[in-house]
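The chains carry the letters A, B and C, assigned in the order they are written, with residues numbered from 1 in each.
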Amino acid sequence: MTRQAISNPLHADEGADNGAPPPQINAPRHRRQLRIPPDVAQRIVVGGLWAIAMSAVAVLLFIIVFIMVKGLPHVTPEFLLQAPAKGGRLGGVSPMIFGTIAVAGLAVLIAGPIGVITAIYLTEYTRESKLTAFIRFGADCLAGIPSIIFGLFGFVFFADTLGLGISIISGALTLALMVLPTIIRTSEEAIRAVPAAFRDVSFGLGSTRWQMVTRVVLRSALPGIGTGIVLSIGRSISETAALMLTSGMVARHPSSVFDSARTLALHFFTLSREGISMPKAYATAAVLVLAILMINLLAYWFMRRFIARVR
Amino acid sequence: MMSANNEMHKVDHIRCSHVGEHCATSPGPAKIVVRDFHAGFGETQVLRNVSLDIYPCQRLAIIGPAGGGKTTFLRSLNRLNSLEHDFRHSGSILLDGQDIFASNVDVARIRRRVGMLYAVPIPLPLSIYENLTYGPRLAGIRDRHRLDELVETSLKSAILWDEVKDRLREPAHNLSGGQQQRMCLARVLALEPEVLLLDEPCSGLDPISTAKIEDALDELKSRYTVVLVTNNTKQAARASERTAFFLMGEMIECGPTAVIFTNPRHGRTSDYITGHFG
Amino acid sequence: MRASQGMPKRSPLGAWLDRKQDLFISSILLVVALSAISGLVVITAFIFKEGLPIMLQVGVGKFVSSSDWYPAEGHFGIFPMIMGSLAVTAGALVIGGVLGLGCAVVLTQFCPRWAVSILKPSIELLAGIPSVVYGFIGVVILVPMIRVHLGGPGLSVLASSIVLGIMMLPTVTSISVDALQAVPKAYRDGSIALGATHWQTTRMVILKASRSGLVAAMILGMGRAVGETMAVIMVAGNTLDVPDSILAPVRTLTSNIALEMGYAAGDHRKALFATGVVLFVIIMILNTIALTVSRRRSRRKSGA
């Protein structure tokens, strides 16, 4: 056996697998006697890493379960359909649900087309150059700016300079800038994943570039783009700091996009921060977290469809 | 301009007369004239000094070892290469006397007249019906009956009609590999092109599917000008009237298939055909 | 009748438009594509326009090094907030960095398929939870725990660091996962074939090869922590002193803006914009470092 192992290097490797390390690693063993043997170290470290990963999942589960247990009992039909009374101590959150949908929906309606068009330009209408690097750099930087800075900007630019006031439209425009990088990035990835051969075929059948993009590429990339859009809606719903300064805190049903509207997240912040009503705060949080859960499920579903389609 | 128009009429007349055998024996004016054609991508020269006539209603096979520029040549004939940003060329390719590289040419129209079938079947992520009507719709045909008619005739030409007539609304990628390739052939035929470019159309298929594709092509030979790139010399011998041999970016020789395969002028041609290299 | 001839004849102008179509569409798309970059430019311009004058009036040195923040008397010094932001970010980096990197290593190296399909969506969902919810959980769970077991007011650097650490975990994990996955599989196989254990391989080969990507992940995670506002307001305590221990309350740059913007006017409002300028500069420095580090990595990769 020994002779065979020496004469055949392949067998020497098999030996290493069975626990006897090959000479390179074996050699300094006498100096390392006090150290933990590698296989034990492996077990300890992997155990520790798993503990870390599981604690992340545990934190998530805890947050969801905690909010649901404390909040769901207070989520009644009246809570969803009534306006708040006495500063939020009584009543429900219907204007906030409406305001959240208005601000987030409008933001994505603005950022969606711009983001997708940017992605189309970057992938189909130009090749890599200083200009594309510049555009991507802009998007990357935009993605890193904190929401409070967006809030300051929206406050002074949209509300003040453009005269839109503290309103749904100011908030939506600010949010649109915030989610634009996400939409650009996900759309670009989705479009790049469309097989190059589709483009050849489409051109070969006499399409123009624009026809190729709209009829083949976008069609295949749509679920991928959808994922990005849905995640942007999620981010819009969660946003508070920027909206506090742009769409404001008025807890009434807005009558137009130039009215202020308080979103669910901001309402929750106010209720809990000012200690107005803990049951109402928990209930609002439950609605918020449920919305986020559903949106993530939707994004996940889009992603599955996209993967199925591209394959 | 006048003469180009005249020529086009003449060619159409021959094509429409449906006398394939006649076409094959007396070529008449060339459908495609390639003169001193050089092409490459960036720094790489791929094709050198190719001059070649392609006659209407004939099948031209292009054979040669890999990397010889066959596919680049084929993709030049419908200007697909122009999609690569670093593609460059010199010399001319005339389709019915018209330079396809001229600046005033409608490239989409050229590609409709010169259809292409790729090495692997590439169904677009649409239904079978939508795949087939993709080209005609882009060409501006909206009439439902006309589209239905085009779908039926082209599927029949590709010998696929009986297999798919009841499932036209299904996604095209549900078809088997061989069926997909015949659908791709039908998709090109639905544009009623004048020239068919086939880029190793059977390389990814099993022998039975290959036979079906070849049968379909056999049916079509009287009506179309066909350029077939193939690695399979037997296929070239079976399915062409004329053969051109490409090696390292140059066209070594071109002539009637029977002559090329029995009595080539160049040693390298016979070496390749007899399997000494490539 | 062939399809191509069934097309209506185009007028010369129409044909010219057809030929130039790509160019027209491309220029229109380009204009739209520049909106991200123009947004960035306008944001920068307006934040500086609003904030810079008061900063220059007070003196940049004094503005960032003075500890006196009495807006009513016209004293504007944000040193405590800068220190506060640094303290909570450093703490968050320790917690979020370890957790995030740990998750990334598990996801890419030691994770069976089924576990990936649980872990990955969980971490993505963690990124989707609103920051106010994190802040709220921090207030009702974490803060009392710290107050009871460790002393102090509970609202503290420590509470903020833990909350921010968990919030930056998804950022760190997703960028680290990209970096770790970019390591060629051959490196790993080669090391395993030499008899190294899986963990030795990870430590000596994979972590080393993806070092710059991991650094970029940490820096971008820091950027997220520096910029976070609402959660920090809720758990940090927001006092105006430089924190002297991890159990002391702090105020960060972001919370300074969010807390006072509602009622600020005149110079006070401008001073808050100036706080924004400082925050903006810190973020831009972090972003630039992260982008340069990761770009160097991709250049090296393409060169190889």
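Assume a residue touches a chain if its C-beta (ideal position, glycine included) is under 8 Å from a C-beta of that chain, and two chains touch if they have at least 3 such contacts.
None of these values were measured; they are calculated from a predicted model.
Chain-level centrality, scored on Cα centres against the all-protein Cα centre, points to A. With every chain reduced to the mean of its CA atoms, the largest distance from chain C is reached by B.
Distance between chain centres (mean CA atoms), chain A to chain C: 13 Å. The geometric centre of chain B is 54 Å away from that of chain C, both derived from CA atoms.
Separating the CA-averaged centres of chain A and chain B is a span of 47 Å. The set of chain C residues that touch two or more partner chains comprises 4, 18.
Annotation for chain B: residues 108-109, 112, 135, 139, 191 touch two or more other chains. Counting partner chains per residue, chain A has residues 206, 208 touching two or more of them.
Contact residues on chain B toward chain A in their complex (touch as defined above): 78, 80, 83, 85, 108-109, 111-112, 115-116, 118, 120, 122, 124-126, 134-135, 138-139, 184, 187-188, 191. Residues 127, 195, 197-208, 211, 215-216, 219-220, 309 of chain A are the ones that touch chain B when the two sit in their complex.
Residues 13, 16-17, 21-22, 24-25, 38-39, 41-42, 45-46, 48-50, 52-53, 55-57, 59-60, 63, 66-67, 114, 117-118, 120-122, 125-126, 134-135, 137-142, 144-153, 155-157, 161, 177, 180-181, 184, 206, 208-210, 231, 234-235, 237-241, 244-245, 265-266, 268-269, 272-273, 281, 285, 288-289, 292-293, 295-296, 300 of chain A touch chain C in their complex. Within the complex formed with chain A, the chain C residues making contact are 4, 18, 21-22, 25-26, 29-30, 32-37, 39-40, 42-43, 46-47, 50, 98-99, 102-103, 105-107, 110-111, 118-119, 121-126, 128-137, 139, 141, 166, 169, 193-200, 220, 223, 226-230, 233-234, 254, 257-258, 261-262, 272-273, 276, 279-280, 283-284, 286-287, 290-291.
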